[in-house]
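Take a look at the structures listed below.
Both of the next two complexes hold subunit A, though its partner changes from subunit B to subunit C.
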Partner chain A sequence: MEIRIDNRRKIAFPRISHYGYAIKYIVEQGLGAEYVLLPPATKKTAELGSKYSPDYACAPFKHSLGSLIEALEAGAEVLVETGGLCRLDYYGALQKEIIRELGYKCEFINLAEYMSGKKKEWLKLARHLSPKLKPARFTTGAYEGVKMAEYMDEIEAVYYQNAAFETEKGSYRKAYRKFLLKMQTAEDWQEIRAGYQEVKQAFDGIGMRKPERPVRIGVVGEYFTIMDEHSNQFLQEKLVRLGASVHRFLNVTNCHFRAKEPTLRPRIKAYADYNMGPTTTWTVNAALDYAKQGFDGIIHVKSFGCTPEMDAIPLLQNISRDYRIPVLYLSYDTQESDTGLDTRLEAFYDMLERKKKVMR
Partner chain B sequence: MKKKAYLGIDIGSISTKGVIISEENEFLAECYLWTEGNPMQATKNVLCRLKEQFDDAGYRIVASGTTGSARKLVGSMIGAQVVKNEITAHAVGTTTLHPDVRTILEIGGQDSKIICVENGVAVDYAMNTLCAAGTGAFLSSQAHRLGVAVEEFGEIALRAKKAAPIAARCTVFAESDLVHKLQVGCPKEEIIAGLCKAVAGNYLNNVAKGKKIAAPVVFQGGVSKNAGVVRMFEEELGMPVLVDERGHLMGAFGIAVLAGEQQEDAGFSFDVADMEFRTREIICGKCANHCEIICVYRESRLIDSWGNRCDNGAVS
Partner chain C sequence: MREIRTIGIPRGLMAYRDGVLWKEFFERLGFVCAVSPKSDRELLGKGTACAVDETCLPFKMYLGHVIWLIGKCDVIFIPRMGGYDTREKMCTRYEALPDLVRNIFRDEQIRVLTVSYDWYTKTTEEKVYLELGALLGKSKKETKKAYGHARKRQEAWLKVKEREQDHALEGGKIKVLLAGHPYVLHDAYMGGELARILRKMDVEVIYTDYADREGALRKSYDLSRVMPWLINREITGALFMLRRKVDGIILVSAYPCGPDALVNDMLVRKLKDIPVLSLTLDAQSGTAGVETRMESFIDIIRYQKAGGYGNKDR
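Right, the complex of A and B next:
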C-alpha cells in the first residue's frame, strides 16, 4: 500500500530545456502542489514518444509525449500541456487521447483551451489544482518563477557566448551546472537571488583567452528545438567545443516578456510585411540583427516539417545574399546518430575560421 | 637530407583515396580503391600501393591526415595529426590547385555538396540532408538494373539524341519513372541520359538551392567521371564545368595540404599496414542514454575510443 505523507497533487509538464526548474518553483511555491521533476531526457524518451506518435507529427510532439509518459511512470497525477500558435495548439488534444488509449489514469489539462479564455478561468483552474490556494502567494510565486527563468536565460547566454575561451577547460561548465542545481532546489526568492549572484561572480573569476575577433555564430529557428538541447543534439555545446562564441536571441525571456511580435515586425520590414507564424518574426529579426552586427555565420534550426520556419528560409536566403553571411540549415527529427551533425558543424566552423584568417 | 612529404587519406563510403604530396604540393604517389565496406582493410591496401610508388630515398613523410566518413577510425589507426571533415578538405584541396575557382560542385557515393569560394577561400557551403537522391549510389543501383557498368554511363548518355524525362525530386519517384519508361520501350541510352539529367537537376534544385553559382565551376567527386552528368550540368548552368583529372583525389590532397600546414614533424611509418586492428562497439550502461562507444584496438591494445556523451562513459 502506498503511504502518502502529503496530499498535494502531483503535476507534470513536458521537459523543455532548463525551464522545468522555473515551472517547478511556480507549481510548488506558488500553487502549493507538487511538481514531478524528471531527470534529463535520454534516447529512451524520444523512442517512447515516437512509438506512440503519428509518424508525421513534428519532433517536439514526440519529445513532449515521451516526457509525459515518463512523468506518468514517475507518478504524475495531472499532466499539463501547453498550446501555441502552430500545430502545437492541437497537440494537447491529441496527446490526451493517446495517453488515455495507453490506459493511464490521469487528469490532462490542455492549456490550449484556456489561451483565449478570461482571467477568471485561469484562477478557477489554479483553484482546481490546489484547493487551498492563496492568490497572493500564487502571484508572488509566479513572479519569482518568471524571474528565475529570466536569470537562467541570462546566465545561459553568457555561458554559450564565452565558454569557448576559458583558459582552464571546464570551469564555465562547472559554475553553470552548479547554478542550475541551485535553481532546481531553490525554495524561496533569497535562494534564487543568491544562486544568480554566485554564478555571476564565478563567471567573472574565470580566466579568459578571448581572441580579438572570435568566430561568432548566431543560432535562430523554431521555438522548441532551438531551446531544448536534447532535441537539437547539444548544438550550442558542440559549437562552443569547436571554439565559437554562440549567440541565441530566442529564449523564453525575449520571446514572452521582452520583445513582442508587433514591436519586432517593423524592424524586418525590408524582408517581411506580415507575421508568418509563431516564431518566424523572431527568427528573421535575430538573423538580420546578427548579419548587421557582422557575425560570421548563422545556423537555422527547425524540426523536420515545421511549416512556419520553412517559410522563414527564403527570407534568410535573402539576408544571406544581402549581407554576405553564410547560413547553415538544420532539420531535426528524432535522430540516432550525431555523426552527420558533427561533420556539418565542423565544416561550417572551419570555413568561418579560415575565411576570417584570409579576409581581414 | 630527405625532402618533406605529407600523406592524406580520404575514406569514403564507396571508395578510399590516398595521396602523398611534396612541400610544393606535387603528387608523389596516389591510389584509388573501393572501400568495400571495410575501411581498415581498404586503408591498408591503399598504404601498400602508396608505398610501392613512394620514393623512400628522396622523401620522408612528416605528417598525415584523414578525411571522409571513416576519418576518425582511420585517423586513430594511422595516428594522423589532422582529422578533418571532407568539406574542409575538398575546399582546401581545390582552392590549392585552382586558386581562381568560384564554385565547387561535388557528388560522391552517398553525399553531395556545393562550396562557394571567394578570393580562394570557402565562404558558403551546403550539403544534402535526409536523403541520398542524386548521388553516386543512386546511379550505381540504376546501372545494375539496366545491366550496364556505371563507368560506361557517361559515354552511353552522350550518344542519346534526347534525355527521357525522369522526375528529379526523389530517388523513389525517379526509379518508378524509370521502370515505367523501360516498360514502354524507351531506348536505353535516352533513359541513361535522363538519369544523368535527373542527377544534375536534383543537385541544382536541392543542394544548390539558393546558392549563387559563379564561374569558374569545378565539378568533382566520383560522379564527375560521368561525362553525361557533366554535360547536363553545363547545359543547365550555361557555363563550362571543369573536371580535374584528379578530382576524385581532391579530398585526400586537401587533407594532405592541411597536414602540411600544421607544421608538426610527427613522422609516419608504413608499418601500420601490417598491424592488426580491431574495433568493438560497446553500449554504455551507466545511464538510460545508452551511448554506443567505439573502441579501437591495435594488436589487442586499446588505442582510442569515442561516442560517449559524458565522462561517465569514458573508456580507458
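Right, the complex of A and C next:
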C-alpha cells in the first residue's frame, strides 16, 4: 500500500528545456501542490510520443505527449497542457483524447480553454488545483518563478556565447550545471538569488582565450524546438564544441516579458507588413539583427511541418541574399540518430570559418 | 502608381470558399476580374518550383495560380485572413499570405491588393470590406452596396449547391461524403480527381462545404469548445450533420496540412460507427494508388450494405 505523506495533488506539465524548474517552483511554492519533475527526456520519450501521435503532427506534439505519458507513469494525477497561437492550441484536446483511449485515469487541464477567459476563471482553476491556496503567496511564488526563468535565460545565453573559448575545458559546463541543480532544488527566493550570483562569479573567474573575431552564429526559429535541447539534438552545445559563439534571441524572457510583437514589427518593415504568425516576427527580427551585426551565419531551426516557421523561410532567404549571410535550415522530426546533424553542422562551420579567413 | 482596372484572383485556397463574394464585390465596384484557370499539372509544377519544399500542396498550387496572373492584371488580390473569433481562426499561413507572396516574388515586383483582419481586433466582415473599398478609392456608400449585393450572391450560390446536394442525398446510389478543405475538395487536380474516380464507380459524391455553413459552425461547438480553426469547424460540423445520411466518409487532406493532421486524427477517433477512409493527397504523378484504396473502400461499403460482415446488430 502506498503511504502518502502529504495530500497535495501531483501536477505535471510537458518538459520544455530547463523551464521545468521554474514551473516546479511556481507549482510548489506558489500554488502549494506537488510537481512531478521528470528526469531529462530520452529516446524513449520521443518513441512513446510518436507511437501514439498522428503521423504528421509536429515534433513538439510528440515530445510533449511522450512527456505526459511518462509523467503519468511517474504518478502524476493532474496533467496540464498549454494553448497557443498555432496548432499548439489543439494539442490539449487531442492529447486528452489519446491519453483517455490509452486507459489512463487522470485529470487533464487544457489551458487553451482558459486562454481567452477572465481572471476569475484562472483563480478558480488555481483554487481547484490547491484548495488551501493563499492568493498572496501565489503571486509571490509566480513572480519568483518567473524571475528564476529570467535568470536561467540570462545565464544560458552567457554560457552559449562564451563556452567555446574557455582555457580549461569544461569549466563553463561545470558552473552552469551546478547553477541548474541549484534552480532545480531552490525552495525560496534567497536560494534562487544566491545560485544566480554564484554562477555569475564563477563565470567571471573562468580563464578565456577569445579570438579577436570569433565565428558567431545566430540561432533562430520555432519556439519549442529551438529552446528544448533534447528536441534539437543539443544543437547549440554542438556548435560550441565546434568553436563558435552561439547567440539566440528567442527565449521565454525575450518572447513573453520583453519584446512585444507590434513593437518589433516596424524593424522588419523591409520584409513584412503584417504579423505573419506566432513567432515569425521574432525569427525574422533576430535574423535581421544578426545579419546587420555582421554575424558569420544563421541557423534556422523548426520542427517538420511547422507552418509559421516555414513561412519565415522566404523572408530569411531574402535577408540572406541582401546581407550575404549564409543560412542553414534545419527541420526536425523525432530522429533516431544525430550523425546527420553533426555532418551538416561541421560542414557549415568549416564553410563559415573558411569564408572568414579568405574574405576579410 | 498605375490605375487599377483589372484585379487578379488566383483560383486557389479560399477562392473556393469566398470566391463568388470577392468577384461580385469587385465587379459591382466596376473592376474587371481576371481569374486564373482550373488547376493542372503545369500550374502545380511552376508553383512547386518557387515554394519551400515542406509547404502544403494547396499553397504550391496557389503560387502557380499567382504566377499565371503575373502580367495579366494590374493587381493581385491576396487577403490576409486571421479569423473573426478566437475559436474561429484561420491556419497561420493565411496570416502570412500577402507578405509571403511578396517575398517569394520579390524580383517580379508584383503588386498585391490586400486587406487584413485578426480575431483580436474584433472586427466584422462588413468593416473589412469597407476598408477594402476605401483602399480602391470607392465611397463608403458604394462599397456597402457592393458588399451587400456580393454577400447575397454568395449565399444564393451556396443555397443552390446545398439544394442540389440535398436532392442527391435522397437518391438510391451509394453516397460517400468527402470531408476536407474546400480548396482541396474542389481543386480540379486534387479533389476533382477523387470525385471523378468515385463517379466512375457509380457513387454519389457529397461534400462537407455544400452544407449550411452557419449551422455546421454551431454544430461543431457541440463536439469541441477548443478547436481553433474556422474551416475545420465547418468541416467537422457538416460531417456530423451529414453522417447519418451517407454510407461512408473520406477524410481528404493535403500533405502536410497542419490543422488536418491533428483534427482528422481526432475525427477518426470519434467516428466509430461508419466506414472512414483517411486520404492524404500529395503531388504524385499518378492516381493509381488513390484509386485502388478508394475502390476497396467502396467494395467494403457495398459488402456491408449487402449484409456483409455481420456487425449489423452490434
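In the analysis below, the second predicted complex is superposed on the first by the 360 of 360 C-alpha atoms of A that agree within 3 Å, B and C clash if a C-alpha of one lies under 4 Å from a C-alpha of the other, contacts with A are read in each partner's own complex, and residues count from 1 in each chain.
Following the convention adopted for this analysis, contacts are C-beta pairs under 8 Å (C-beta built on N, C-alpha and C of every residue); 3 or more make two chains touch, one makes a residue touch a chain.
What you see is a predicted model, and the numbers here were worked out from it, not measured in a lab.
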Worksheet entry | Clash-or-fit label for the pair subunit B, subunit C on subunit A | fit
Worksheet item: After superposition on the shared chain, which partner residues are touched by A:271: those of subunit B (first), subunit C (second), both, or neither?
Response: second
Discussion item. Is A:180 touching anything from subunit B or subunit C once the two structures are fitted on A? First, second, both or neither.
Written reply: neither
Worksheet item: Regarding the shared-chain residue A:348, is it in contact with subunit B (first), subunit C (second), both, or neither?
Response: first
Discussion item. Looking at A:208, would you say it contacts subunit B, subunit C, both, or neither? Reply first, second, both or neither.
Written reply: neither
Response to the item:
Check: subunit B-subunit A-subunit C angle from CA centres, nearest 10 degrees, reads 80
Worksheet item: After superposition on the shared chain, which partner residues are touched by A:146: those of subunit B (first), subunit C (second), both, or neither?
Response: neither
Worksheet entry | Which superposed partner A:157 touches (first subunit B, second subunit C, both, neither) | neither
Discussion item. On the A-aligned overlay, A:126 touches which partner chain: subunit B = first, subunit C = second, or both, or neither?
Written reply: neither
Fill in: Dominant toucher of subunit A (residue count), subunit B or subunit C
C
Discussion item. A:358 in the overlay: touching subunit B, subunit C, both, or neither? Say first, second, both or neither.
Written reply: first
Practice prompt. Figure out whether A:331 sits in contact with subunit B (first) or subunit C (second), or with both, or with neither.
Written response: both
Discussion item. Just to confirm the geometry: in the superposition, how small does the C-alpha gap between subunit B and subunit C get, in angstrom?
Written reply: 5
Item to complete: Determine where on subunit A the residues touched by subunit B overlap those touched by subunit C, and list them.
Response: 304, 313-314, 317, 331
Worksheet item: Of all residues in subunit A, which touch subunit B in the complex?
Response: 42-44, 234, 304, 313-314, 317, 320-321, 324, 326, 329-331, 339-340, 343-344, 346-348, 350-351, 354-355, 358-359
Discussion item. Which stretch or stretches of subunit A touch subunit C in the complex?
Written reply: 54-58, 61, 83, 85-87, 89-94, 97, 101, 110, 112-113, 115-116, 271-278, 280, 304-308, 310-311, 313-315, 317-318, 331
Response to the item:
In the complex, subunit C touches subunit A at residues 52, 54-56, 80, 86-87, 91-93, 95-96, 98-100, 103-104, 106, 116, 118, 224-229, 255-256, 258-259, 261-266, 269, 280
Worksheet item: Quick one: in the complex, what on subunit B touches subunit A?
Response: 69, 84-88, 91-92, 118-127, 129-130, 210, 212, 287-290, 309
